[in-house]
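Should a chain be cited, it is by its letter among A, B, C, D and E, assigned in written order, with residues numbered from 1 in that chain.
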């Protein structure tokens, strides 16, 4: 039994699973799911995006943000305001939301460069609250507590995407796909390795020549941009936003997904989001006890899997690209003499 | 002009003079050792060389250029790399990934290359991976590349630290007690490995309390006590220096037994 | 004094100790040697109660201790100077030492214990107000050993006490081991420098990948060809 | 008016300080941000209310509540956090656990007591004192005295007693603490007891001051208190108190000169400015980093 | 969707949506209680159109995200003829596009956002209209309490800010009145000392408080410690027995406009209050009573329409003139309830009408 299971987890099967899941997701709406279920799927998608972004910062780089709702809010507001006042197209408005979220995260990261650990977390928490206060107080622009209403739905080539025509759902899938791909590309590069090295041992990372502050700022900007994109999508999906959506609770929910799913994993983000968004809905029958049980679930899940649901070390070998394997095979087991680096062109002397 | 020259550097912590006007130099391809009693200031010298601490006075020149009071990153990119007295690996990364992090500094592709998976990206990734595997093979960790760093035994972890330091394209390696925690057999292997590095052209500065290693490998030895240099010279000279014996080696020359 | 029977310890899936049998008699110095990763440290950690064995028994003075929490084991008179020093980095040297005597109630005894370790390690006395985290590696090692001595244990376990120490201090430590042993403390010793360990100890166990492969009188084992080749670095 | 506003801020700050001490205590020992502290604080206040309604008298009610809330702290550790320690999990896992616990406590309080604001008996209400045209209520004075007392006791326990030494040792190196013969679980549970008891004291005093209790009372106050603890240098108890006062005064002044809706923003801006200038908080020690 | 009338079911469902968990659950639970009470009364009389009325309750935790999902759930159930809810305007407005698109009637007893009811013709509000109430509030300050140095305290929500804004304009338009200070607060803190000090220093003799009971009561307490002579004006949504419970002596003399008065001699209101207390153990507040009437209005409209076809019911709603416990209610063209107000004050720990 265990053998079959571990067989199924072999890397050669991975592609197959991923393809199967993607296909299911694509054909799901055609099965006549209710709009209620669809909406929940969309919320799961949004939180998966948010978690994916926060994961870059917290899961991989080890910087715990307790104020990520701020970037979610900025993306939502910038995009919503541009779309309602200037009638900008959704995609352009979203781009603007992403850019502003990125810039604001850059400012935050640059001011808090010297902070580490809990001190950084609290600074981000403070930042989240400050942004919310700005949304509430800067009435001429944000409309204060009245929020922004009548946000246009996304439209694509003149075709309006709604819940009913599944357009919103597919847009969510596409966005989530793009964000996942981006994260995948970044993590599987020197940037990703630098992120993880910083999380593991920042000082040692510096001695590897990694400009740690630069990479931490980069992680901030990447994760804030993703949150901004998710915020923009949320605003155009829900069509009314006010400061109450972007509270500390929202930041905590994102963080919970990242940790519960498994920091520094991809699959954990989808599963974590699915669980934490679907549970409150599934627990409706409990009435007043709904969030008591929700809390209990959080406690129990951490108790039994403190490293996150899907946070295990892969027992698969490290994947060497074909090119590398060939180069190594060619080399065989020939004796290697290590020589110090002398500049690329210069011949090396003994 | 020496390859690496330390000119009368000092460092104090509060009232404690941890390093007091220490000077030494090393030529390309040499192995020198810094020895001395516990708390003499050896690790502090490494910390000043690599930018962990700023220096209170003095100068450090590498290849004719001053490198003191630079950030660790700048020091590494100039070609000086180190290991730590207390092992500092990226424990949740695999062995090969640890070494790949070491190649970071020599990976010159941009963010755009990453997103587009350009040829440049692929070339660097492939070359660096091959390089990493080669380093690991040569240090005897070729069959452990897939393991996670913290599942290695102590001795293997020390080797991995050295491999990671080499991967940064270092010309000078600063090794802080590399043989600590190794049994005589393993120290002997390490000794051989350090020799081959030297033969390959690396310059090495060693801090070590294991005299069987120090005396057998060093071209020259500097002895520090209470932050001050108290002796320098060839291994034999140092080993027979009464001051060194009194302050450090103790009554008998135990190292001789194992050579 | 200490009897270990069929001891098994796991780290998750890793089977680190695979049925160890070992005994330490009152007044002995017993050394434990073996290559990297053989399971030496694991054995001591299991005795100290920091790791829970998955099978087997450990009795100390006739009492089963494998099911006891670490602090109870310390109270019974077992003290460990662990691998990796494990000092309290933010506390001062003297606070570290005070903690070494945590289980002792008698103030006067604590005072003499302080005097004794300060005499043994004048460097620690000199630095008694420095926070331990800023000590040099060797100074921390001294602190770890001194701290283990503070509780005046009946069984003292030292995991690589010479690690990172200057040769003259190493020599001092080995003299110390012999002298406190003569004063009645039983000692279990792990050393990479097997030669020195076997020179001071009465008996030696050789560990290989979680199992005892050899055991016997240190004086005899030191002549064993296999031991010589594998652990003493002489061919 | 400025003087009056500063005094208003000090009184408010004292309330943050009272809560902050509990955060700081648990963080100082366990490196754990105990997100359940805010709801434990609300729990403490509700228990007083419950015992009062059982006609036990105010003082016995307060003591019972302190005891019971302390026990709740112990229960939290025993059932939820101790298993995590056993598994040597990453510290942040504990954070999610405490969030879960805070959900449980808060929602249970709502089910049992309702979410509405309920009146709480006034404590030590002897009217206002007027000093140089500054109005101070006797309750405020009382609150300050108790906070300083609480701080003094806690500081004494941590710095001068054996269990305090064990607590500090534990915060530095758990493995070594075991080896010293310290009963780690006991010390942690004791810490949680102190944390819970201090939350109950804070809950009682603050509720007595505002004469209000409700299940979510610990949310915003807890957030501010936690920031205050960090501002002062988390883990340093007097830092928590000073941090609380700074947050309180900056809030009060912001409300006075910019308007009430800016108070939160300003207090967080002050927090960030302080941290940018002093990255380890006002009294925080720099982490010992020896390479 | 939306033609539930074709079904030959023997039940008619009404949904209640509001916070049943979370910080605002007291209000959501009030909704649920009130609607269930109203439905019980109707069912005792034989239901509506001969069918039994059933209440289905949805908890939105006062969160927009949850409300959006719930709305989909509600419109997916073709037996439901209308929704009483949601609580906060922001939450209502996330859900209302879904209701509007699916021709589901929504009557919010509490939403106060100025634009809420213009979300569509199926979207109604049975809450007081801010401008009308603000005017009366000010009139109370001047004529009932005889004060002219006015301070305004408001909570920073759509309702609080709008009320404060309108009140302020009215004061500025009147030469005899002084606006001495205006303060806004954010919910979450119970500390009003900064605002009190400012009002005191500005020499205010009356404060108009645009907040619920949970702002008004502690504010009164803290204010009266410093200045026992201050006069306070509240609004109808602070009308709740909890105001007195929480404020004690400090709320003596607080006066507000109300459309629901629990001490009314009207037998209908008497019996409602009685029944409510019997069933739930506490007196109904103004907001709860608005929910009670909202349910009554919806049911009356169904009866008037003679069908469960939601389009027809909606049209009936625009024609209705409902005599409920919160006074006579009719909706204007955009779906806002128009109400008549009386004034009440707290005297000797009870609400009494001001003549």
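A few notes on this one:
Simple rule for what comes next: contacts are C-beta pairs under 8 Å (C-beta built on N, C-alpha and C of every residue); 3 or more make two chains touch, one makes a residue touch a chain.
Note that this is a predicted model, so its numbers are computed, not measured.
Any chain that touches chain C and also touches chain D is listed here: B.
Of the two chain pairs considered here, B-D and A-E, the higher C-beta contact count falls to A-E.
The greatest centre-to-centre distance from chain C, using averaged C-alpha positions, is reached by E. Remark: chain A and chain B have CA centroids separated by 39 Å (rounded to whole angstrom). Taking each chain's centre as the average of its CA atoms, chain C and chain E sit 74 Å apart. The distance from the centre of chain B to the centre of chain E, with each centre set as the mean of the Cα atoms, comes to 74 Å. The distance from the centre of chain B to the centre of chain C, each centre being the mean of the chain's C-alpha atoms, comes to 29 Å. Residues of chain A in contact with at least two other chains: 133, 136-137, 203, 288, 290-291. Shared interface positions of chain C, defined as residues touching 2 or more other chains, are 134-135. Residue positions of chain E touching 2 or more other chains, listed in rising order: 21-22, 25, 156, 186. Listed by label, the pairs of touching chains are A-B, A-D, A-E, B-C, B-D, C-D, D-E. Taken in their complex, chain B has these residues touching chain A: 50, 52, 71-73, 76-77, 79, 81-82, 84, 88-94, 96-97, 100-107, 109, 111, 114-115, 117, 121-122, 124-126, 129-130, 133-135, 137-138, 145-146, 148, 164, 166, 168-171, 196-197, 199-203. Interface of chain C with chain B (complex): residues 14, 33, 35-37, 83-84, 123, 134-139, 141-142, 160, 163-172, 192-195, 230-234. If you check the complex, the residues on chain E that touch chain D are 21-26, 29, 156, 183-186, 188-191, 193-195, 197-198, 201, 213-214, 217-218, 221-222, 225-226, 242, 245-246, 248. Interface residues of chain A, counted against chain E in their complex, comprise 34-36, 38-40, 43, 133, 136-137, 139, 144-147, 149, 163, 238-242, 244-245, 280-281, 284, 287-288, 290-291.
Against chain E, in their complex, chain D makes its touches with residues 1, 4-5, 8-9, 11-12, 15, 107, 110, 114-119, 128, 135, 137, 210-212, 214-217, 219-221, 251-252, 255-256, 259-261, 263-264.
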